[in-house]
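All chains are identified by letter, namely A, B, C, D and E, in their written order; residue positions are counted from 1 within each chain.
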Amino acid sequence: MTLFLQQLFNALALGGVYALVALGLTLVYGVMRVPNFAHGGLYMLGAYFTYAVLTGLGVPYVVALLLAAVAVALLAALLERVVFYPLRNAPHVHAMIAAIGVLFFLEAAVQLIWGPDFKQIAEPVPGILNLGGVIITWQRLLVIAASLLVMLGLNYFLKRTLTGATIEAMSQNREGARLVGVNVNRVGMLTFAISGALAAVAAALIAPIISVAPSMGEVMNLKVFAIIILGGMGSVPGAIVGAFLLALAEVFGGFYINLDFADVIGFAVLVLVLAIRPEGLFRRGT
Amino acid sequence: MTRPAFKPGLWGWLALFVLAALLPLLKPGGYVLDIAINTMIWAMLAYGLNVMLGYTGLLPLAHAGFFGIGAYAVGILTLKSGWSFWLAWPFAVILCALLGLLLGLVAFRTKGDVFAIFTLGVGVIIQLVINKWDALTGGNEGLNGVPPPQGFLGLDFSKAANFYYVALAALILTVLIVARTRGSVFGRSLVAIRGGEDLARSAGIDVFSHKLRAMMLSTALAGLAGGVYAAYVGFLGSSVTGPTTTFTVLLYLLVGGVGTLAGPLLGTALIYVALQFMKGLQDYQYIVFGPLLVLLVMFAPQGLAGLWDRSRLRRASARTERTVDHA
Amino acid sequence: DKVVNIGYSGPLSGGAAFYGKDVQSGIDMAIGEINQAGGVNVNGEKVTFKLVALDDRYLPNETATNVKRLTSQGIDVIFVPHAGGILTVQPLATRDPNFLLVAYSSEPKILEAKSPLTFMLPPRYDNYIAPFVSTQMKAFGKKLGLVGTTTAYGKQWTDAITDEWKKQGGTVGSNNGVDYNTTVDFSSAVTKALAEKPDVLFVGGPSQPTALVIKAAREQGFKGGFIVMDQAKFEQMTNIPQSYLDGSVGVLPTVQYPGSQAFVAKYQRLYKKIPTSEAALNYVGMQAVARAMALAGTTTDPVAIRAKLGQAVTSLPKSVGIYAVKGVTPAGHLDADVVAASVQGGKYTRLRLPNMK
Amino acid sequence: MPEPGRSAPILEVQDLGIHFGGLHAVRDVTASLPAGQITAIIGPNGAGKSTFFNLISGFYQPTSGRIRFEGQDITRLKTHQVVARGIARTFQTTTIYKELSVLDNAMIGHRVRTRAGLFDALLRTGRERHDEAGSRLGAMRALERVGLAPQAGRPAGALTQEGQKRVGIAMALASDPALLLLDEPAAGMNPEETVNLMSLIRELVTGGLTVALVEHKMSLVMGLADQILVLHHGQKIAQGTPTEVSRDPAVIEAYLGGHAHGGQMGQRTEGGAHA
Amino acid sequence: MLEVRDLSVNYGPFRALHDVNLTVQQGEIVVLLGANGAGKSTLFRTLSGLQRPSGGTATWNGVPLTGGKPEFNVSHGVSQCPEGRLLFPDLSVEKNLRLGAFVHRRDAAGTARELERVYTLFPALVEKRHAPAGSLSGGQQQMVAIARALMARPELLLLDEPSLGLAPLVVEQVFEAVQRVNEAGVSVLLAEQNAFAALGIAHRGYVLEGGRVSLQGSQGELLGNDRVRSAYLGV
């Protein structure tokens, strides 16, 4: 029983990690329909910025996290302006390939600046919590809590605020959005900025648990794209449920079947769910 | 079809292939031959992708997986079961077509982006299965020592200069197949599906069965390319069967021109060779290549074949306003 | 004066770039030193070197293409640091144009191929197995848990350790290997392994992820010992509390070798980090190749160079010899004493390795 | 119900219905379309007219009821099978392949009459060559019927709105249908163009086609229809000749409004002169 | 006052509008007649800022409308119900309408009032308020498009074929509504194929042919003009 609970906690922490990264992508891919394969790159950059600020300026962890979020947000907005905005009318694959180009660039640039070696960020709250034999680190608890918080915030933003609605409106009909007075250029940049900030926050929170390396975004990329589709495009709760489902599948699949196949199980769940419910778990809300 | 497409025409293709056939006679270095053979292999895969993306308007991201299935089928059958390459190769192609059918039966329940990600998931699964099924595929160690095709007519295919002709023949076959498909009644129906599934359906096209057949053709071509790859490189590892390869080939296709006949070959040749040159830039290669990709997509959205089209159209319309109806 | 190009094809971008770069740094450093000293004397001619490094992203087919490119440029010595690539290009080495393949991989199959133009640098991993097992079984107990990485190399290690552990009378739990390169969080694999209450855990892959596995195990209350695969280096596991490493056995850090101080100091000055055996062994390899060229009196005949490698490695000056080298085996293996150690309180205790050839 | 002495029904629907979630978009509709005649379907916005067409053409699967075409049950057939049986349709908002040529559009419409598949394409079989020639012929014939033959080589998107509507009709005609469903064919047309369209439809019917159309332009409906079917909230509320229907108080109340005979009724009398 | 001076618009090499001059006075309803492809929609798109002209000017009470920024135009009181509707298909009807009031986003009370008004105008939309706009019938979508334009509480309302696809009864209601909106002080420029109904409520009108203004006059003049009668009224 403790074992089961331990694995459940492991899954929750992993799901939290996935959810945090996926939420940023929900905005640009799920809502704006920009297949931003550079999202993993922004996430990676967030980790490096956090690392750089921590080691370079010696500021507290929270400050480093915020600085990284701001920096990546600005960069993401720039990316929207320079790469995705000019491609807004092109077919999806074009933006996708351009995004991959950006990802290549970011990885190479980071490798050039910080080297290809793994970097490590110290846990801001070290130590573990022992709940009757079930062990969880504070950092993982932080990740779970943060992902839930971010989800609530994002859902509120999208569904309850007018700015949130303008993002969806713009993604569905750019001309229509302009006609009602939306400054689509600003909204586009804002959306990317938010998504970049979310990616950076996710990275800053996860970095202490994992190793920071230039290619860390690639593994995450595929998984979070899968999560968003799994949950249903543009659905915030869908992204969260998808993230935790994937994590549960990986952890318990690995536990009860074979660890060797943990990653396969995750994608098998994706393929299975979509084969049964082609529109994903949650239909896009209105 | 009257939609303008890059068509150097029959003579252009003939000339190209004759020239290509003469290349080994110039006794080029091993490296030149290697590049040429690699270009042909990846171009075939790009043609397979083009059947789906270019003609049917669907983006399948499991293509490297089928390439891998074709390659491993040839590798396993020749290496472990002692089959002749000439038997294993067609078998691999048929296997890929059948598996493509199977994938299509499920995957076509989804549409658009979901289809792309669904197939991406399948691609990842294929790679992981290849990677983990140690007993069959050699797992992470891979398969080493896949033999070159048995020679005939005194041709020893372990020599790159001779193997070159196997690859060239496969490429010619591929181009022929794709060209015929594109210009046919069947091909026009694919274009209709690309233009809008609902509309195609209401026009009386059996969308599902057309998509299935396009998928089979597409994965069969991937298997064809995979077979050549296995016999040429002689070593098979799972890393080449993953999404990275799919995206790389997608890139070739996009740069060359989606939906055109020359695009896949043109794009593969250009990017593959350019990447080889860029290796000299070492740490800076992706610093240059990344932005280059972005620029290409932005300023040549129709690809190189599209650029050619446009300039040719401009020249043509400057001369006369004659309407030519290419069938 | 003549400049001789040395070829290198390894992962310089992507997930394994850190590894490829480490290897490259060793070769680079050796070349830099040789050139600074005015090069080597081959048949009365001053010869300096230049490294031509090509990225292959760890893909064997890319390695093959790179090797063809390098040989067509007239390069006769090529370094490759991964088993897949090595095995793919090994048959090419003896064809026309032939070349000396300097293999940095501890995969025994490379030697089994009996290629006369292969020069393999690292010790065979199977040297480590028996002493690791006996040390840890004595110190901690008879039950082993497995959380190795699932690369080709890692799987072989896992199999070998499993066999040896059983041979020495222990029991082995289920295999909980995970891919260290794609796994985001190691906790669940560790939880699963610890559920069987092992006394010793087998771990190992790239150093930093390996450290995270060790950390997860300690955090979940594991008190036993670790057997650390040779790919992971203690000196790179600085990302976790060092006390977690107590009771581990693994490869002795390069810094700990008696003759290595000069090398380590110079390397740290150049690269601002601690050298691992990746850098050190390839450094030695490049030094040996240069010396063998001098001894053979040729820079272009791989067969002649290969023939002089044995003499070259034993006659390397003390300043560049990091390991105690006895020669090169007929199969082309560098016969060096590489030492393993167990860790306790930040101190390394050497383990005796049997000689198995 | 067809009046006695009139031709036999080509299409019969019985208790046809569908709901989307809680919405009963079409409910218990029983009706029949007499062969060789023009039936108009009218009703307020959202009455279920387009949905009715979507049901007949197999785009939606009905949740209740049956559809019989030429005496055979086609209720569960897929769209392309329905088209193959001889029912073609156009859409409310013009949907054609704008980037393809007018001829290509029509040839796509003819696809359902050809059999050539992938293998025929690869081997260039006799069937392939036969079908290719057949497509061209069938497409040109359809273009001639709508008067677009001279424009065959132009990209369809370059035509005017009205021209594009004709392309849509040509595409449907190319499938050689017995029954043609037109969803608001005159929307966005000015009176003159509307008159042209009316004569085109009349010609088609003279050629043996049965036509059902949805339209809000009363001038066209009253001027063309042999029979009118009125839907409201998914249900049939009236059926009969134009004169009968336009006097029906329920129809006036729900649909036509106070000025039932106002608007552009004037042109209903003539208009056959235009080609 | 809307003042259009020598306005020309090109699509690539093709000139869709040639030196168009027209005005709409404060409180006027002006109708624009013209065959398919005459350039009506082009003019509307230019006035709302979606399309940039290649020459000439257009001003609303002195404010230039030709900057190519629709958000600027709508915030200065010019709102359009466009051809093709340009709705947000996956958003609910109500969100579509609320977004119509985007320029008044700080005035929640005003938006709520306006929302009530458009719902009384189009009662059919009330039961659809939570349905995705894309699931509505063609005519219902047209209602949403008109209603959305009204939500901006414009001073100048541009209506591009508002009656397209609407049932006759609703067409009547729309025209009545336009009249009522106009009586409240809003100027209206209206393009219509349904010339009869349009001229019924218009004060003045223009006829556009091949991108040029070929005829203009008061309601009575146009209704009496033979060419207008034959081409646009079908009599």
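By definition in this document, a contact is a pair of C-beta atoms (placed from the backbone, for glycine too) under 8 Å apart; a residue touches a chain by one contact, two chains touch by 3 or more.
Worth saying up front: this structure is predicted, and the values here are computed from it rather than measured.
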Completion exercise
Common contacts of subunit C and subunit D, by label, are B
Exercise for the section: From subunit B, count the fewest steps through touching chains until subunit D is reached. Expected result: 1
Problem - Chain centre separation in whole Å, for subunit E relative to subunit D (CA means) - result: 30
Practice task
Could you give the separation in Å between the centres of subunit B and subunit C, each centre being the mean of its C-alpha atoms?
Solution key: 38
Exercise for the section: For subunit A and subunit D, let me know how many angstrom lie between their CA-based centres, rounded off. Expected result: 49
Completion exercise
Distance in whole angstrom between the CA centres of subunit C and subunit E is 75
Problem - Shared interface positions of subunit D, touching two or more other chains - result: none
Practice task
Pull out every residue in subunit C that's touching 2 or more other chains.
Solution key: 13, 150
Exercise for the section: Going through subunit A residue by residue, note those that touch at least 2 other chains and give them in order. Expected result: 107-108, 111, 260, 263
Handout entry: Pairs of chains satisfying the touch condition
Key = A-B, A-C, A-E, B-C, B-D, D-E
Handout entry: subunit B-facing residues of subunit C, complex
Key = 12-13, 53-55, 58-61, 64-66, 68-69, 71-72, 83-84, 87-88, 91, 97, 150-155
Problem - Residue ranges of subunit D in contact with subunit B within the complex - result: 57, 59, 78-80, 83-84, 88-89, 91, 95-97, 99-101, 103-104, 107-109, 111-112, 114, 116-118, 120-122, 124, 128, 131-132, 135, 153, 171-172, 175
Completion exercise
Interface with subunit D, subunit B side, in the complex: residues 1-3, 177, 180-181, 183-189, 191-192, 195-196, 198-207, 213, 216-217, 323, 325, 327
Completion exercise
subunit E residues touching subunit A in their complex are 48-50, 69-71, 74-75, 79-80, 82, 85-92, 95, 98-103, 105, 130-132, 148, 151-152
Problem - subunit D - residues contacting subunit E, complex - result: 20, 42-47, 49-50, 92-93, 160-162, 184, 187-195, 216, 218-219, 254-260, 262-264, 266-267
